[in-house]
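Okay, so chain A shows up in both of these, paired with chain B first and chain C after.
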Partner chain A sequence: MSLLRYTVYRLLQAIPVMFGIAVVTFLMVNLAPGDPVDYMISEELASEELIASIEARYGLDEPLWRQFLNYLGFSWFLGLLGVPGFADAPPGLLQGDLGLSMYYDRPVSELMLTRIPPTLMLVLSAYAFALTLAIPLGVVAANRRNKPTDHISRIIALFGVSTPSFWIGIMLIVIFGVWLGILPTGRMVYPWRDPAFYGYGNHLELWYQTLRHLFLPVVALGTLQMAVIMRVERSSMIESLQSEYVQLARAYGVSERTILRKHAFRPSQLPVITLIGLNLTTSLGGAVLIETVFAINGMGRLIVQSIQTLDYQLILGTTIVLGFVFVIGVIITDLAYAYIDPRVTYGEEA
Partner chain B sequence: MTRKIDTDAMDLLTRRKLLASGVAVSGTVLAGCLDPADDDAEPPEDDDDPAADDDDDEPADDDDEAPSGDQLNFTQQVAPIEWDPVVANDAYSGQIYHTIYDGLYEYQPGDLELEPKLAAEMPEVENDGQRFIVELREEPEFHDGTPVTAEDVIHTFTAPVEEETDNMPDVDMIESAEEIDEHTVQFDLEFVYAPFEAITLPSYIVNAEARQEDPEAYNTENPIGSGPYQFVEAEIGEFADVELWEDYWDEPSQVASIRYEPAEDDAGRVARILGQETHLIEGIPPADWDDLDAEEGIEIASVESTGYLYFAFNCAEGPTADPDVRRAIAHCHSTRDYVEDIFGEAAEWTNMSVAPETADAIGMEGIDHFQDMAYEFDPETAQDLLDGSDAIDEDTQIDIIAPPDDVRVNWGELIADRLGEIGYEAGVQRLDWDVFTSSYQSGDSDEFQLYTLGWTGGADPDVYYYQLFHQDNEGLTQGHYYENDEFHDMIIQARETFEDDERAELYNEIQEIIIEDCVHIPGWTDLNAAAYLSDEVEGLQADLQTTTNPRMDHPDVTLL
Partner chain C sequence: MAIGEQQTREEDGGADDEFEANVGWRYTLGRIKSDTTARFGLAVIALVLAVTVITAIDTHLSRLTFGALDDYMLAQAAPMLDHPTRHPDPGTSERRMPPFFVDGGSGSITDNPLGTDEAGRDYLTRLIYGTQISVFVGLTATAIGMGVGTVVGAVSGYYGGWVDDVLMRFVESLYAIPALVLVIVFTVLVSGNNPDITYAAVGVAITFIPVFARLIRSRVLSVREMDYVEAARATGVKDRDILMRHVIPNSFAPVLVLATLQIGVTILIVAGLSFLGYGAQPPTPDWGQMLNVSHQYMLSNPWMSVWPGVAIMITIFGFNLFGDGLQDALDPRIK
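Let's look at the complex of A and B:
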């Protein structure tokens, strides 16, 4: 099977998984106790007419099975086929419509599109931070096992994996933002905006400020990833350095530098790559807290707000999209794994 | 089939470059992100960087969105979402659109004194309080240059019902709104509604033509009012910009533009003002109040809000249907001590079910009068009352429900602990808002015996007493289901009586019944406040209602 066919095969396999995610999410959100209209009118003036009006506006007056068909977009198809009762059915998930946010009164897809770039910028920067520190530190720690460098690296890793990222974020804000006053305490400066929007004179200043605003949230979010990757990198490198082929290379008199560079490093990266792919959603989970602490207007904050306001459509939309991201992350990991490791097959033979 | 990888080529590409680029990127990021104030860091190339002029003693990151120039930066605790007063009903959107629109009438900053704004004078009242005639000023114009007319006023007051927006209950007592002439409107009400002048008429007037042309755009992109500021641009959750409208018909504000930015996290919001990255924040966490107040260069403007926090009993079913049980629960703890311990300066204990300022506005008895009627902390009396009641025994569990708010949950825990100390069981459930709301609305004693809620209130006692106590609102805004025909009649009589003196007497009696029958345990009125950089902002005034707190439309607000 070629890489292309394998890719198509994995994508096709993902379709029922994604459908399952949509179904389970819909049922979980709708079968949970509580009523979003109750939330909307809590501590506000309300009347029976207003409640009925809100329910009708968001389709909550329909039976659950009908809401389910509407949300997935089946009703729209049934309307096309002329099935009675579905003539004016709205488009749904299958037509790319994620519905109308009850709290923001705007399309969910529109809200998400504005929130994805900040989150991507944050998560990718955090990954870049994590990788640029974790891989060199992991390699050095493995190469100098049980020496002071290794001990320090392990202490850093232990701190990273055992400290909640939001706490790191708050501490960084207090130290660098409030006490020292050398870095901003929150919010983000986006490099794609006009510098004049922030009152900057040119793009250089804009980019500089983007880096300054990005630094603390990236450290807060990336520390956990850095620690996890460093631990895996170190143990994987140690395993490689103890393998028979490395011992054989040593027996042949190959220098330690060459062994480290040519023979141990490459095979040690497979677990790291797997980890990176699978941790993508963990990072998105971390972004929920970091975006809240640093007031960054990303997907994470949107998810928090959707839950706090019991915005059904928004909870559904964000959860389903994150589920899809996870599935796609797994597929990319599989493909990268198959591409890098010659021992991995595309499924036809051992 | 397996695939081979050219390992030699990969090696050349990865290791050395990866390590080298890692070091380089890390170094660049670390160096680049440090403030120029740091001697070891390279300053940005641009000589115009305002940060370069910073005094080293200044802790601020004042070269980004920080206070500078003519723009005032306002950090909100919740992101605003829409800009059309016909549709919007959240306080944080109001903090912005109160600068874009003028009201027909407006309250003076910091109190509930009503003054004409777009109206030429106070309304003419006819037909025993069922007809209001409002004459408009002729000079006000909208931001698009069109005059404010009777048509705009009529549209503002009728659209919520026609479009069934969330603001429908605010105006659904209006039977008709008619244009007498281009600058005069006549409102006829379905019934005498005494709070009409204080509550309904101070609405923000929208531009009928612009709004009807494209209601959605009007709400999200292009709101057109007649206020001192005009809308520029907004991105939900990120920012909203307004700028001074130079042709404003009334005394103009002095701040050229305002950028509103939300920061929901309490710590993050406080850090922003401590780091001097914003001119002002609203929503000061009680725990940070004293620290902010003591901080040099930061001042807090505050005023008692119209909000009201309370515990309500299930008066219809279960053990708390017995008034003595309710009184015992009120006696077994001290709400006054709890409020003083938790809030300090940030809230005031009250024994009224209405905000003191609102009560004062119509001449009700003051806060002291009703504080004297409070159930003092007296565990012995509490125990005697409980022991003497047939509605409760020591095996009865008192269920207390609270929404997800630590302060209210802790108040419930205090009551439960105190009941435990005198031998009666009680437990507190912290519920999500939706579950909580449906539980308290049910009035079912299997769900609760006490619930705690808040009410944003307003400028007239009817907003409290009718909404929170009258039987019309059972299962909606009240879940205590308190039965007392005389009491409910008095509430209706008060809302349909036009004379303030008579109303005040009625409300005094109503309040006394609430205390005597212990329908509510009143809690506190919190302060509306804003912390601001006193070296940079002057003339800032807190306001009673969150929607207008602080009053950014006021001409006294100045950036120094």
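Let's look at the complex of A and C:
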């Protein structure tokens, strides 16, 4: 199978999972005891007509199975095919329509569009930070196994996985923002905006300021990933260093440096790639807290706001989209894995 | 957190069978005893559990004294009852006092060693009582998640076919939604916008189903092919009995390691949940909730934000250290 066919195959595989995400989220939100309309209007104002008009506006007057078909966008297709009863069904998830936010009274997809880039910027930068530190540290720890360097890195990694990211964020704000006063702690700067918007002269300054603003949130979010990746890098590096091909290279008199660089390093990155994909969901969850601490207007903050305002449609939409982002992330890392590892024969279940 | 790592270690877990002599409880215990870091982890866990039990007894004794009073009335009766967990302890100390070693603090290690909180309550006392919630949720959520996840994973791996397909797609969907988001949505919506720590525990347990299910399934897939399972099937033992008596017990060692690590993950998630205001509700002391309040005073009283984080870190560190040692002890390839 070619890489292209493998890509298509992986995308097809993702469909049931994406469907599952939509089902799980939809059921959780809709089977919960509360009634969204009750949260929207006060008791004195609640009249039969008002409730009915609100329910009609958000499509809550239909039976649950019908709401589900509407939400997913199946109804729209059925309407297209001319199935009776579905003639004027609204577009849904499949058509990129996630309904109307009850609090903002605007389309959910429109609200989310501006929120996704900041979150991606934060999460990807956190991974960049984690990888630049974790890979060298992991390699060094593996190379000096059971020596002080190894033990110290193990302790650091254990502290990394034991510390809440948002607390690291708070401490960083206290130390660098308040105490030393050398780094900004809020009012995020986004590089895709016009520099003049922030009063900067040119794009270079804008990028510099973005990096400065990103630094603390990225360290807070990336520490956990750094710790986890470092441990996996170490154990997989140890495994490669003990493998037969490395022993063979050693027997041929290849120097340890070359072995480390040319033979052991590349195969050791494969578990790390898998890990990045799987841990994307942890990072997205962490982003919810980090965005709250550092006041970044991303998806995470949108979710927190949607829960504060009990905006059912927005809760549904944001949760499902975060799940989708994870699924796509896993596919990308899987493809990277297949691309890097020459042993992978596409199509066979790993 | 550690799921990827579990996965990579699991993939080559098949080598276990060649080292039958190196497994077994007595052997494992012996190895943990000789592992300094694991012993240290165990000591931290023991301390945390002891604190939980003692504070829990104390809380319940004081509630017994006031027999019929519910939590609300206890809070009302606050001035009569000098108890740190249930009432705001008004006016006994200056509010938001820094710790004793800082200028402006109590100056004495015996008064309010770590200072006071936004209502003038002793910070150290609240920190100690906060252990209860974390440990309670950590243990219950992990236990429920482990139980349900084990059954789902075992059934999925043992029966295979469409059962496996359906269950695994469900488990993957559940895993795809960030745990914290799932727990918040579950806690707020299912409780009818009246979040409580019990809902949080159940929510966390749900997010743990995937990790446990996937781990046990991968083990079951190899155990299923063992001769003794084949023999049991041939002699007409029922599928359910094979699962419960042979397959699950023989797949359990890595699950135990994961459970130890997941207790730490639970405490992290609940801290995040309470930080956002959807976990334990005031006046119950809880580390995440204390961080939620102290976050507002971050600029003027940074010390208030330090302590709960340190408490969380030490507790989770203990569980991770022990889990790490347990993993090494159960891994026959490491000598």
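Throughout what follows, the second predicted complex is superposed on the first by the 323 of 350 C-alpha atoms of A that agree within 3 Å, B and C clash if a C-alpha of one lies under 4 Å from a C-alpha of the other, contacts with A are read in each partner's own complex, and residues count from 1 in each chain.
The definition used in the following text is that contacts are C-beta pairs under 8 Å (C-beta built on N, C-alpha and C of every residue); 3 or more make two chains touch, one makes a residue touch a chain.
Just so it is clear, the structure is predicted and the values come from calculations on it, not from any experiment.
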>> Touch test for A:173: chain B only (first), chain C only (second), both, or neither?
In response: both
> Touching A:310 in the superposition: chain B (first), chain C (second), both, neither?
Replying inline: both
> Looking at the overlay, does A:208 come into contact with chain B only (first), chain C only (second), both, or neither?
Replying inline: first
>> With both complexes superposed on chain A, which partner does A:340 reach: first (chain B), second (chain C), both or neither?
In response: first
> Which holds for A:294: it touches chain B only (first), chain C only (second), both, or neither?
Replying inline: first
> Touching A:136 in the superposition: chain B (first), chain C (second), both, neither?
Replying inline: first
> What's your read, chain B or chain C touching more residues of chain A?
Replying inline: B
> Of the partners chain B and chain C, which touch A:106 in the superposed model: first, second, both, neither?
Replying inline: first
> Who does A:248 touch here: chain B (first), chain C (second), both, or neither?
Replying inline: neither
> First (chain B), second (chain C), both or neither: which does A:231 touch?
Replying inline: second
> Of the residues on chain A, which ones does chain B touch that chain C also touches?
Replying inline: 33-34, 39, 170, 173-174, 178-179, 292-293, 304, 310
> Once bound in the complex, which stretches of chain A touch chain B?
Replying inline: 1-3, 33-36, 38-50, 53-54, 57, 103-106, 111, 114-115, 128-129, 131-133, 135-136, 139, 170, 173-174, 177-187, 189, 198-202, 204-205, 208-209, 211-215, 261-262, 265-266, 292-295, 297, 301-302, 304-305, 310, 338-340, 342-346, 348-349
> Residues of chain C touching chain A in their complex?
Replying inline: 1-5, 7-9, 169-170, 172-182, 184-186, 188-190, 192-193, 264, 268, 271-272, 275-276, 278, 288, 291, 295, 298-299, 302, 305-306, 308-309, 312-313, 316-317, 320-321, 324
>> Under the stated contact criterion, what part of chain A meets chain C in this complex?
In response: 16-21, 23-25, 28-29, 32-34, 39, 158-159, 161-164, 166-167, 170-171, 173-174, 178-179, 224, 228, 231-232, 235-236, 271, 274-275, 278-279, 281-282, 284-286, 288-289, 292-293, 303-304, 307, 310, 315, 318-319, 322-324, 326-327
> For the complex, which residues does chain B have touching chain A?
Replying inline: 1-5, 7, 10-11, 14-16, 18-19, 21-23, 25-26, 29, 32-35, 37-38, 44-46, 48-49, 58-61, 63-65, 68-69, 71, 79, 81-82, 87, 89, 164, 166, 168-170, 172, 219-220, 235-238, 261-265, 267-269, 271-272, 274-277, 403, 432-438, 441, 453-456, 467, 476-477
